[in-house]
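The structure appears right after this line, and notes come after that.
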Amino acid sequence: MDPRPYQICSNCVMDTTDSLITFDDAGICDHCRTFERTIKPNWRTDARGRAEIERIAEGIRQEGRGRDFDCIIGMSGGIDSSYLVYLAKEELGLRPLVFHVDAGWNSQEAVNNIERIVDRLNLDLFTEVIDWEEMRDLQLAYFRAGVPHIDTPQDHAFFATMYNFAEQHGIRHILTGANYSTECVRNPIEWMYYQSDSVQLRDIHSRFGSRPLVKFPITSILRHKVYLRYIKRIQVVAPLNHMPYIKADAMTLLADRFGWQPYPQKHFESRFTRFYEGFWLLGKFGYDVRRVQFSSLILTGQMTREDALERLKAPPLDAATIAQETAFVAAKLRITEDELMGYFRAPNKTYRDYRSQESVYQVGAWAMRLLGLTRGGKR
Amino acid sequence: MLRPRISPCLLVHEGGLVKTERFGNPKYVGDPINAVRIFNEKEVDEIIVLDIDATVRNREPDYDLIRRLAAECRMPLCYGGGVRKLEHFERIVSLGVEKVAVGAACCEQPELITKAAEVVGSQSVVAVVDARRPSPGAPPTVLTRNATVDGRVAPADHARRLESLGAGEILVNSIDRDGMRVGYDCELVQSIRDAVSCPITALGGAGSLAHLGELFKHFGIIGASAGSLFVFKGVYKAVLISYPNRADRDRLVAESLGPRGGEA
Amino acid sequence: MIAIVDYGLGNVNAIENIYRRLGIEVVAVRTASELAKAPRLILPGVGSFDWAMRLLDRSGMRGALDEAVLGRRIPVLGICVGFQMMLRRSDEGVLPGLGWIEGDVRKFEPTRSGQLTRLPHMGWNDVRSSTRDPIFAALEEPMRFYFLHSYYIQLAAPDGEIGTADYQGDFCCAARRDNVVGVQFHPEKSHQWGVGLLRNFAGSGTC
């Protein structure tokens, strides 16, 4: 229970629903301070940044010579990964293999957007289809666990499959659409615990799952951040951080050039994510991820605080849509709406109620910051 | 003008969607409900869903799956797999399915076709004719039960008989071209066209929209069904659901049917 | 509120689903007393004419249906065989129809325009409406719907015709007589045009 009086940052729109938030005397939160102090000074989107990514791209091109492709890009159909694919091919002259993980929740818009971009850019596509029965069972296990991070199965599968594929095929470069421009403020761990923590995933599954996880791809933080990174030398590059990335402009470009269809909100390419972020997380825990997303846009000058506050006044999904999406999710998971809402009303748990590798993350994050290998980061 | 139909055909195996090659080697494609939902949003003409386990494993049709599929379809749905009794037809149709496809029963109990046509109407009875050429150019024969049982009959003769018994549509499927993406077996389709006057749907071999166009050019108004074409993309056979949009479909039909329009 | 006459035939589920997703109240009625309270009806149907008439009689709703449509004159939409049932009789069977619309149900001729008529008429076809009937309001032109039938409506008088389609020659595919409207095609299986038509039928006014 948080006995703190309500407070909202005077600069962005993060507030005390993030229970670990701290404010300085000017009422500015630690997310903003972290951005100003550690991210912004080192975030180069000018000629220097461009030169840096060109250098990296040249390295990728060299290594990939003679091979069918020189890097892989995970594409969800969302704006970041879609724009990244365009950038990689057209501006950086790379030859990416576009990689898509189908966890069973693709919206028609996402599928359509992937098709258009892959076709128009004349790229190859690889899809990994997660076994739906296992996915469904794992998702239900997460619902039963009562934790906020019920989107973990999708995210975990995505990363695990990508890394497995890269390792199997000896690919050393993974391009990601991660970017400070729209993500410099990260979701608090309290809201979305590390999706790569396989100890937590296995614990939740063993307690609440009803069938073995055989085909479901599992990775672990040590595996992909240490073994694959330093032993197999698989490098993850985030090109969107090396040039000006303005979301609205990116959407316009993709719509004009490729007929890309925009989504009403971030992450709506998966109908589960839409339900999760638009209703479940907010309704059950009071966590509104729009605060995080808008705060990032405020800090990078793409949205005003007034506009964000205005938009936060209304819920992300109206009552009719919530009813429709609840029915959809229940039907898709083959449970009744009563059962689903039963999970909604059950007591709230946190990641600390289950086994985890949190200490490994903490040590790792500390070490990475010390070595200057990462900036900002989740907390 | 009546248009030729373009229908995705989805195979259900152990509750999941698969795609086969020559009726073997099933590759997992995903959740059937999500696939049908996406096809529905793409406004496909019709959709065919075949449960390839039910008959060989002697199981009843999966009514729960059928009900959920039907709920997603704002277009006609044809369902097949494990249909062996009149009651199956009645129940499947009552769940909101337009057409019921029968394969093995056409050989094993052809009188069922007549009974079903009387009750649900012949327009809802689709006779599936799976045919294989032992080698290219050799005459095809009918096989049933996932190509494990020899029907000992030529496809055209079989189709003719089934139409006279009351089938309202013939779904002719080339086993040897299944998943091969080399084009439809137009000779096989022609033999069926010559034998029956009811509507026909061709399946097996489509690998591009050009193959569909070729089919329409030959046969005018006909159903063109495909699996791989709408479910896989590119050299890695990446699973991605696709379907030509309305403008592309209209253009394809206009180019294929030409100035004479839709001759049935 | 829309009441779908559930006498055992026709895609009740599909029609219900569409109305639910549109947020329009819908219910399936199975008894005479349920039907008597309905403000607006849909009469679906697939299969053969006689079989449909027989099931309707067996349902016990026949009387209540006539009372609602001819007596109370509430709006009713007939779909496919449901539409055919509203006529006097059909070439397909021996039983008489409901007789709400003057005309008969005929089988498509074996040849039309000099060509063999493949039956059933199956697939997506364009529908033209010259009368601007409210059930077609705001539908994207050219309208197209899904057809699956071997018999078609032949009206006694042409003024009831509100829609035609071309299957080797024009035929009447939609008709209206006051509160009674019928469509030969399947709006519950015709994507946006069907959803639009069903929405129009649920609207207030002359629909």
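Just so it is clear, A, B and C label the chains in written order, and each chain counts residues from 1 on its own.
Assume a residue touches a chain if its C-beta (ideal position, glycine included) is under 8 Å from a C-beta of that chain, and two chains touch if they have at least 3 such contacts.
As the structure is a computational prediction, the values presented were derived from the model and not from experiment.
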item	value
Graph separation of chain A and chain C (steps between touching chains)	2
Chain centroid nearest the full-protein CA centroid	B
Contact-richer chain pair [B-C vs A-B]	B-C
Intercentroid distance (Cα basis), chain C paired with chain A, Å	49
Intercentroid distance (Cα basis), chain C paired with chain B, Å	28
Between chain B and chain A, distance of the C-alpha-averaged centres to the nearest whole Å	40
Where chain B touches two or more other chains, by residue	71
Contact footprint of chain A on chain B as seen in their complex	15-16, 28-31, 33-34, 37-38, 41-42, 68, 71, 233-236, 238-242
Residue ranges of chain B in contact with chain C within the complex	1-5, 43, 45-46, 67, 70-71, 73-76, 93-96, 98, 118-124, 168-169, 197-199, 221, 223, 263-264
Chain B-touching residues of chain C, taken from the complex the two chains share	8, 11-14, 17-18, 46-48, 51, 115-126, 144, 146-150, 166-168, 186, 188-192, 194-195
Touch list for chain A against partner chain B, complex	100, 102, 104-108, 111-112, 114-115, 118, 124-127, 129, 131-133, 331-332
